[in-house]
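Both of the next two complexes hold chain A, though its partner changes from chain B to chain C.
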Partner chain A sequence: MKTLKIFLALLFLFLLSTQDGYSWERKKTLKELTNSAPLIVYGKVLEVIPKYEEYLGQKDFIITYVKFSVQTFLKGTGAEQILTIKVTGGQIGDKVIGGERSFPFTKNEEVLLFLSPTENNFYEVYSISGKLTAVANNEGKYLDCSLLKEDDVSKYEPDSLIKSEKIISRIEDYLKLEGGK
Partner chain B sequence: MFKKVSKIFIIIFITNLVLGCSNPVTEPQDTTTENKMYVYSNSGRTFYLIDYKTFEVVKEIKLNVPDTVSVDGMTLSTNRDYLIFAAQGSFPNPSTGFAVYNIEKDKLESLFFTELNYGIGYFIAAENESEPGLIYTHFRDFGTYSIDLFEQKVKELISDEHGFDLSKRIYNSPDGKWTVVMKNYAELEFYLSSSGLHNLQFTLNKNDADSISIYDFEFSNNNKLFITYQLSDGRSRDIESYFGSYDLETKHLYRSSLKFPWSLNPYYTAYNSTRNEVYTIGAYDKFYVIDTDSYEIVDTVTLTGKITGPSQILITPGEDIAFVACPNNNSIYVIDLNERKLKKTIYVNEPYNMIIP
Partner chain C sequence: MLSFAKSRLTGKMKNVFFFFIILIIASSSVYGQRIFRPIDPEDPYARYGKSPYSGPPFLHFGTTSYTYKISSSLYNSHLSYVDAAFTSWNNSGPVQFSRIIYGLPLTAQAQNYASWGPAWSYPSWNPNTYVLTPDNGSIVLNSSSNCEWRHDRQDLNASPHVIDVQTMVVHEAGHIMGLAHPLTDSYTHNATAPTMAGGDNEYFDNTLECRSLETEDIYGTQFLQLRFPTLYANLQTALNKAGEIGIGYVYDTTNSNIQDEIIYTISSDSRNNLWIGTFSGALLTKNTSEWIAYYVNDASEPVKPYNTINCVKTDHYDNKWLGTFNGLYKFNETGIIN
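On to the complex of A and B.
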């Protein structure tokens, strides 16, 4: 029992010492996301629809369906301007089910999303770093990059809000190096 | 007490006035018009009827569908008498359905669901005169179907070719001869319209032979296909976009010397057969007038106040007015094609699809 406690304590300290904190899934840099996510889109949340569903054997799990209107395809193309994103977790009344990938979405929220396809025409957010929410103020539009892993060219601390043009321009540069859309 | 109430009232009044001015919406004037133009935000139950001659918003129309049904996309029926909206039922297996709005009767005529539980796909009227209710629809994970909206049933699985890496958009040529399938914004497959997407005649840019990604295209009245495009290998990315044309006889691509600023949003196009002009606009505020004989930009109209984003173009039947939709600032810009200048701005909520029946 004592050994188990020590093991858990060490594990906790180890996770805290990493840049990813205590996340089980590793954060990604903007470059990693851009190179590996099949679809990168900017647009607006139209509707957020949480539903009770069975998930991994658990009854009454909550799955949230997010209807999303694409304004710009930065990477990948789709025949559809309106996508449905499936998010594990969500909230119905007082019941909340959360997890690393339970991204909160709100109606009319503008976001930059890194997506991948999943079954039945749905999409899912590609990584725990795959949602950058837009924040507008008098000086323009910014993206909240707090979910991104930092790298040599991108620092998101102490201020995680970066001009959206800057982030989009970096994505463009990475895509240019990759070649093609 | 009275003074205090008056003050509060004045503050509320001024606040409303200021907020109203920052996001103005043109108020409906009348209940109908002969000059119908329908405008839709691409999602939701509300769309607008606008008079394309007076540029007034005639009315806001709400589709009377149950709360559990969501509605997206709008297209025109083969006989130009119905507006068709895609409808979907509840998740996790959203049934595929359609809302059919009768233009003459000015009401939702039917809402029905098929046996497919595929949600919403890209859809367009088949323009088959013998089956005027027929539409084509493509689903990313299931394939391409034809569905008869009047018989309210799925007619055929036309092709099970599908995949995340395969986007398909379907178009009709204005002369009714061709149905064109654009694959991945690159290949253009030409089917005889009468064949119901079965009789492939030829493919432009097959296997990306011309190394282009197509933004948009327009049929001319002299067997050309005008296109706006970027280079498919990404070399033009963040640099420039292009204009050219395919000769539909020789299938040869002519790359004109015209270049536009790079745009992530497509350079949407419209063709004016009377003037032999193509109009195009990308993400920014410049509306270009291209002479299709000389392949030169003969005019540029600046759309004051337009902010970055996608902008579809629609020209009137008389081909003297162009409408440019800018959903990002709730505006439709009205351009006088005779005077080459901005004539008016119409304000409606997030205009995206525009149709003149």
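On to the complex of A and C.
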């Protein structure tokens, strides 16, 4: 009986270990994003500029530069008030290059972004879950959380809209647990 | 005169071809649900794509022959496995990828492994026609120190992660071909679409290589290739494939009261009824259960080619206007009026 218990415990530990770890890029929970992204900001898109550039073996790959005005820094200091986010992919005329990292941005949209710095003072969206777009309606401002991985608080689904204040307050709580900004 | 008529019919046979395929796709909602997920051209960044039952537009190929090239030495010791990954897709439909010195580049880049994962890709297409343009895209392996690239095993629990090249390339090539990730909750590692489900799955076995395609992976790409049916060698091959996938009904003279194999025009009205004009002058429509035929000439008479319905247009009052070699006809609930 004792041997069986040990075997079951080992089996349980083994199964747990196989659920972890990286694989193809996975969605992240709000807590994972908060703890791992170096910069978390809320603000507004000022300009979206797609350009042809040599990249990834392509002479005319499309890189999209997004000028972003920060209204609130939730995590990270030292960044400028106006950031330039570099997005790989985009659309120019009749050509689209789009991967899961080719986040669509539109002028004047408000977004909560999880960012990390890259070369030449540019920033990139930290994860495939790292862009939460604001959606306003009569009841207030919401964030589209479809790309977040579900956690013990929320089970996100396509078109999952959650009040902005609620998400921001959860981020602030996670940051407090981690010892501040 | 004879040769003129013959060539005209040959050209029109293409319409027959398209008719059947369009019908297959248009009526797909009546079948059991498939679980592969094509990329949504109108929301291409949605991780899980769209249901094949949600209707057009879908991305598709414009021709059958594409190429890829190796742009990073990281692949050099794994070339046969890279080729095997593309061969899996080549075996599933008429579209063929071959490795030469130009085309879709397979590259490598050292990126933050925690946020980028082991591999990613950039599908490319024309946003107006939805035709895929793989040459403009890219497949990228992460060359950071957090992963070791092998061709004999995969172990995402090891440190650094041991990653199987063929498993990653076959998955990313699926994105290049217009497929997204299937819905996560539907899958386990041995599900019917393991390649495209990939690691985006809580239940995925981190030590499993997914080097070849399973049913839904194959059906996914075949579904997209059927969007451009001339990719297939002939109508019968395309019809057989569509039937195998079960993405819709195929109506012909053997299983319906459509008595004409040559279809000249298809139109829909404000109530989404299909109206089909045929060579022999029959105007066909379908209610919930059966096809109904109205004839420009008396149905009992021999076929009069000049009654062929070349086009059908619906006006605001839902009258159907039929263009024939014998002049203009109007159809409404009272019948066909010359």
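Note that in this section the second predicted complex is superposed on the first by the 154 of 181 C-alpha atoms of A that agree within 3 Å, B and C clash if a C-alpha of one lies under 4 Å from a C-alpha of the other, contacts with A are read in each partner's own complex, and residues count from 1 in each chain.
Operating definition for what follows: a residue touches a chain if its C-beta (ideal position, glycine included) is under 8 Å from a C-beta of that chain, and two chains touch if they have at least 3 such contacts.
All of these numbers come straight from a predicted model, not from anything done at the bench.
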{"item": "Touched partner set for A:S69, first chain B, second chain C, both or neither", "value": "first"}
{"item": "First (chain B), second (chain C), both or neither touched by A:G89", "value": "second"}
{"item": "First, second, both or neither for A:E139, with chain B first and chain C second", "value": "neither"}
{"item": "Footprint overlap on chain A, where chain B in one structure and chain C in the other make contact", "value": "none"}
{"item": "Contact footprint of chain C on chain A as seen in their complex", "value": "17-27, 36-37, 56-58, 60-61, 88-89, 91, 94-104, 116, 126-128, 130, 146-147, 158"}
{"item": "Interfacial residue positions of chain C with respect to chain A in the complex", "value": "44-48, 69, 71-72, 105-107, 109, 112-129, 133, 136-138, 140, 146, 156-157, 161, 168, 171, 175, 198-200, 202-207"}
{"item": "Residues of chain A touching chain B in the complex", "value": "38, 46-47, 49, 51, 53, 63, 65, 67, 69, 71-74, 77-82, 84, 117, 119-121, 168-169, 172-173, 175-176, 178-181"}
{"item": "Interfacial residue positions of chain B with respect to chain A in the complex", "value": "42-44, 70, 72-73, 90-94, 117-122, 138-142, 164, 167-169, 184-185, 213, 230, 232-235, 237-238, 264-265, 283, 309-310, 327-328, 352"}
